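Letters A, B, C and D mark the chains as written, and numbering starts fresh at 1 in each.
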Amino acid sequence: MAGNNFGKLFRVTTFGESHGYALGGIIDGCPSGLKLNFEEINNELNRRKPGQSSIVTQRKESDEVIFLSGIFNGLTTGTPIGFIIKNKDHNSKDYFNLKEIYRPSHSDFTYYKKYGIRDYRGGGRSSARETVSRVVAGAIAKQLLKIYNIFIKAYVSSIGNLNFSENYNKLDLSKIENTPIRCPDIKLSEKMIYYINNIRKKGDTIGGIITCNIKNVPIGIGEPVFDKLHAELGKAMLSINAVKVFEYGSGFVGTKIKGSNHNDIFTNNETTKTNFSGGIQGGLSNGMDIYFNVGFKPVATIMNKQKSIDINFFKNQILVKGRHDPCVLPRAVPIVEAMSALVLYDNMLNNRVYKI
Amino acid sequence: MAGNNFGKLFRVTTFGESHGYALGGIIDGCPSGLKLNFEEINNELNRRKPGQSSIVTQRKESDEVIFLSGIFNGLTTGTPIGFIIKNKDHNSKDYFNLKEIYRPSHSDFTYYKKYGIRDYRGGGRSSARETVSRVVAGAIAKQLLKIYNIFIKAYVSSIGNLNFSENYNKLDLSKIENTPIRCPDIKLSEKMIYYINNIRKKGDTIGGIITCNIKNVPIGIGEPVFDKLHAELGKAMLSINAVKVFEYGSGFVGTKIKGSNHNDIFTNNETTKTNFSGGIQGGLSNGMDIYFNVGFKPVATIMNKQKSIDINFFKNQILVKGRHDPCVLPRAVPIVEAMSALVLYDNMLNNRVYKI
Amino acid sequence: MAGNNFGKLFRVTTFGESHGYALGGIIDGCPSGLKLNFEEINNELNRRKPGQSSIVTQRKESDEVIFLSGIFNGLTTGTPIGFIIKNKDHNSKDYFNLKEIYRPSHSDFTYYKKYGIRDYRGGGRSSARETVSRVVAGAIAKQLLKIYNIFIKAYVSSIGNLNFSENYNKLDLSKIENTPIRCPDIKLSEKMIYYINNIRKKGDTIGGIITCNIKNVPIGIGEPVFDKLHAELGKAMLSINAVKVFEYGSGFVGTKIKGSNHNDIFTNNETTKTNFSGGIQGGLSNGMDIYFNVGFKPVATIMNKQKSIDINFFKNQILVKGRHDPCVLPRAVPIVEAMSALVLYDNMLNNRVYKI
Amino acid sequence: MAGNNFGKLFRVTTFGESHGYALGGIIDGCPSGLKLNFEEINNELNRRKPGQSSIVTQRKESDEVIFLSGIFNGLTTGTPIGFIIKNKDHNSKDYFNLKEIYRPSHSDFTYYKKYGIRDYRGGGRSSARETVSRVVAGAIAKQLLKIYNIFIKAYVSSIGNLNFSENYNKLDLSKIENTPIRCPDIKLSEKMIYYINNIRKKGDTIGGIITCNIKNVPIGIGEPVFDKLHAELGKAMLSINAVKVFEYGSGFVGTKIKGSNHNDIFTNNETTKTNFSGGIQGGLSNGMDIYFNVGFKPVATIMNKQKSIDINFFKNQILVKGRHDPCVLPRAVPIVEAMSALVLYDNMLNNRVYKI
């Protein structure tokens, strides 16, 4: 119950701190016989890794995953897949001056109060570095989903006040990786990059919204009542560092539309004319595209002096060193996809069960 | 894994359909020695029940809970609390004409596809009638939280486009129950009621937003990584029928603010000047007020003719009979509180564990 | 984590005390589309019920199960099956004199210490009356297993020192129900009945062994490492009141045989010549008959005066009133079968998952 | 649900195959602030490791554990403890001739049938090598239990037909480690060693019984109904490779004693005169010593030719190479203790929860 595992049948447990020896995890419940594509796994890690462009942190972490078990002659064996990612560029010295000061809007204070001990090196377990293990597990889930022709595509749809009003149907999602911001609208992405570079120069940070789209989910995936598919997706997204919002389908806009306009009318081939439902009815997939938005707050680590207190409640000042992200969204795109893949595949496995 | 239970240590499992013999549940993990206040439990049920005012459905369900176990001489014994609520006013005949037609934006279609069978009587298990069991369990969780002085207050903050911009700190939350809409701003609530009555007359429906505020949560409640406190709250809210959105703290607005303005600066007594964090840092409560918004779509059941298809994919028309809610929000307020209580108390229990 | 549920995918949660209003449970995860045979369910309850013969307790409990949900037009719907069994013949007055005395080798003392409260009426939750809910759930699991031609037969193989040396293969298991003791060896069963009647006249009690045999389990059922099939069966059996021993396959005898004699040599059609393995290899079923023994201690409630202490640690005497079993084994046979069915079907569901 | 984790609140997940790169695991739920004694952890690994004496396998595995996370400055931090043990002396070539043959009474056949793939190198995941991870986790649980003065001592009480009739109370448990067989009766242990050496020379194997004794468990540990303390202990023991039997307290002998002799009469200070109950009443600890027996079958790998079949069902012969244990019991003693520690500490954590 200590919060470090995810999923029921395809269950991922992770470990590791930002400045420890290694991070990693165990995937328990991966079916046997999958030929793993290691290049694709590395590709996902590269999409998440720091230092990939000018608009993200300049820390260098190569993030190589080493698989320790569960694979024999390139095939999964049905036994647990253990893996580690060693920490290399972990300069703990950057954090010595923070040893006894709480960084504002970080979890330094709450972790110390909960555990009575504090790994002050870069947030320890609470660092977003932990998501590297999620990306490995998610990359495997993606390969399993591909067997069923299910594809997940996330992209940045807003940065601060910069956003498009276009529906995702109008976008060419093949262009997501064309720019470092991972926004499929090239013109808008240029504005976003310019804006983030400005933010970075001032030592400040900004948030935004990632939209995720999932295609070809069979009808009936998800469980009723407490474990509705969108509730599981929501929990998965809200578990990602810095996420403050989850909405699916019509979302906030849907709270303002009358029922007569909001209802998705069936055509005569199991699809609906509109998709305000976001591909989910009563917690179960209805065969239409699933789509949702994930809102991120600005990164808490800014490069300017801030007031704070230390562990003895004395007033203090804080000035963070090191290399940090002015905007976490481009690197969060593969994390959103990874968590979506974990939810989807887990529910796909679960759905096999309840037919005689 | 069939989705009908909630919580880890304070675990609630529910059963029952809208037109079956009874609904109910089992609360497993309730500590022994709690003197149950049955009047308070009934009060919560009355806040949720249909027919309580002109702006909700006129169906009459008295919703009496019968406790079958786990209580001896008025005290909980630490053994599972079984309870049932009998269905009385269940007029299945209203649904005969819907037997083979899928209601738009309901789960008729997805349930039929998943299970190969359909309880067409009012949605069966997918009906919001199921939440009656959640309210019973939540009412008990509330009584347990009261021991720790933790209070949960939810209220309607928007209906359609009618909303206030006031921060919840400025509101007098003691007025929530003064109007049938459960909005503490009396003037706004009158507008909302007028608006809903108009919607109802036209056979239409509307959604809105419920805000929830939790006071006096100790520091450190919640679990890191996957089971962050706000992720659990998010899942709980998204599991409620018709919910499309969850945001906490600064939420959507927070995605547009720079880090230098968004960070919550510590004062010198463990509190922060601002509370953009919404009382949660790194997934753990930080001792400040927890607050979040829950967005509801309009009720799918409208009183006007709609196009649809039947189970053989023939085009058809649908006209729903019976008595239905034009707006679900007033009755959803106690459900939001109940689910919040379940999350909070479960995490309170869990927090006892990880100190030596 | 409070111990009142069993199973992972076919999950049963039970509630109820021996002298409360009702016992019951929820079956979550029953596949849709099963046509329930209610007569068979009643038949299992009758095999467990008190008063069925002279060698068991003369209490009369009719044990009618009322299903509250999850069934529509006689078919399971895939939603949770709630059920209750009302308590009728619960004469709490028999227990007033025990209100403050701990009955030896009962759980009065440990429950009081754990929960700080005591339901003194017949043991409350700790009473074997709780198993009535298990029998209902097990009867449904049996019907699901029948679809796969899997049959479970348990029988009494020893009472005190009376036991047969015959291997179960030599027994005619169709005769189990021919005698009230549920032993398929008619001669031996007469001796057992005579012996138990003598025990009963002296106000004493006796234990014994139940053997269980499961046929036609497909190869590969069970999970490796911690959740081996025999480990799950062992836990299930040890959870039944009064059970002290679980052995499967060669069991105790197997600890004394050399490997060269104990190994089960394969024939050339996937079967083995001997079956010391008891149908399970490495925690997974191997297609041979599964068989195991379950040992029960004598019932703790005897009809003679015993020394004890009361809750204030004063010496006291205890003389139990009421109608109690001199030997629990005949009534425990359907409980052993029910728990076996729950384990088997849960593992059957689980086995569907891990093939691509 | 794939069977590779154990425990609810102190949850251990393991991975690794006998001839893979490494084995290891994650401990999730270890409280913060424990000063780990690494020497004690190594000592437990040494008690389990091969090559420690003439009566066990002569394979050399040094079994060094590397901790990857969850520890900072020698103290546990409350975050997950990841660890690995690298495989060094893994001579897979010994297994090439077994690539397509099923070893009798091993899980080669059942694993191949379940997963459709086979890691033929020394049993892969099904090898008892997996228990090395359990010993690491158990060693940490032991250190946590020591805080509460709880001690667990296991010893070999029978090998084949060699056993003592002495009650464990008469034994000097401090002598367990004095002989390589781990039997506290020195005379008997010499006979056992002589016997095993003879067995080994003939290429044969033998089983036996390990007895485990747990002192100072507080009253009320365990959960009622399905998760009784002895049911959890039973499952834990039955999950260890080669275990066929679990009995606690009076066990098999108890099935033959009358209730009037079997009941444990209270003295006037919360203890009982006898302890047929084995320290557990109604599934909850009663403060007396907990004791149980664990029966092991002979090791399936013998050094003589055996008949078998290959994966195409052709008759074949098998002659195993490599270095194997003639008797697994001396090395299984620390495994029995480790699993006992995991059960006990998990239940200790759980017991904190259900008091208001």
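Simple rule for what comes next: contacts are C-beta pairs under 8 Å (C-beta built on N, C-alpha and C of every residue); 3 or more make two chains touch, one makes a residue touch a chain.
For each chain, UniProt lists the protein as follows: A, B, C, D = Chorismate synthase.
None of the values given here were measured: they were computed from a predicted structure.
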Any chain in contact with subunit B as well as subunit C: A, D
Interface residue identity across copies subunit A, subunit D - same or different by half: same
Repeat of interface A-B, chosen from A-D, B-C or C-D - more than half of residue-number contact pairs shared: C-D
Whole-Å gap separating subunit C and subunit D, where each centre is the average of the chain's CA atoms: 26
Mean-CA-position distance for subunit D and subunit A (Å): 39
Whole-Å gap between the CA centroids of subunit A and subunit C: 47
Where subunit C touches two or more other chains, by residue: 1-2, 4-5, 8-9, 14, 29, 32-33, 78-79, 114-116, 125, 224, 350, 353-355
Residue ranges of subunit C in contact with subunit D within the complex: 1-6, 8-9, 14, 102, 104-107, 109-111, 113-116, 123, 125-126, 130, 158, 160-161, 199, 204-209, 219-220, 222-228, 230-232, 234-236, 238-239, 244-252, 254-260, 262-270, 272, 276-278, 281-286, 295-302, 304, 306-309, 313-315, 350-351, 353-355
Subunit B partner contacts - residues on subunit C that touch it in the complex: 1-2, 4-5, 8-9, 11, 13-17, 20-26, 28-29, 32-33, 66-70, 72, 75, 77-82, 84, 114-117, 119, 124-125
Touching residues on subunit C, where the partner in the complex is subunit A: 1, 9, 29, 31-34, 78-79, 144, 147, 224, 349-350, 352-356
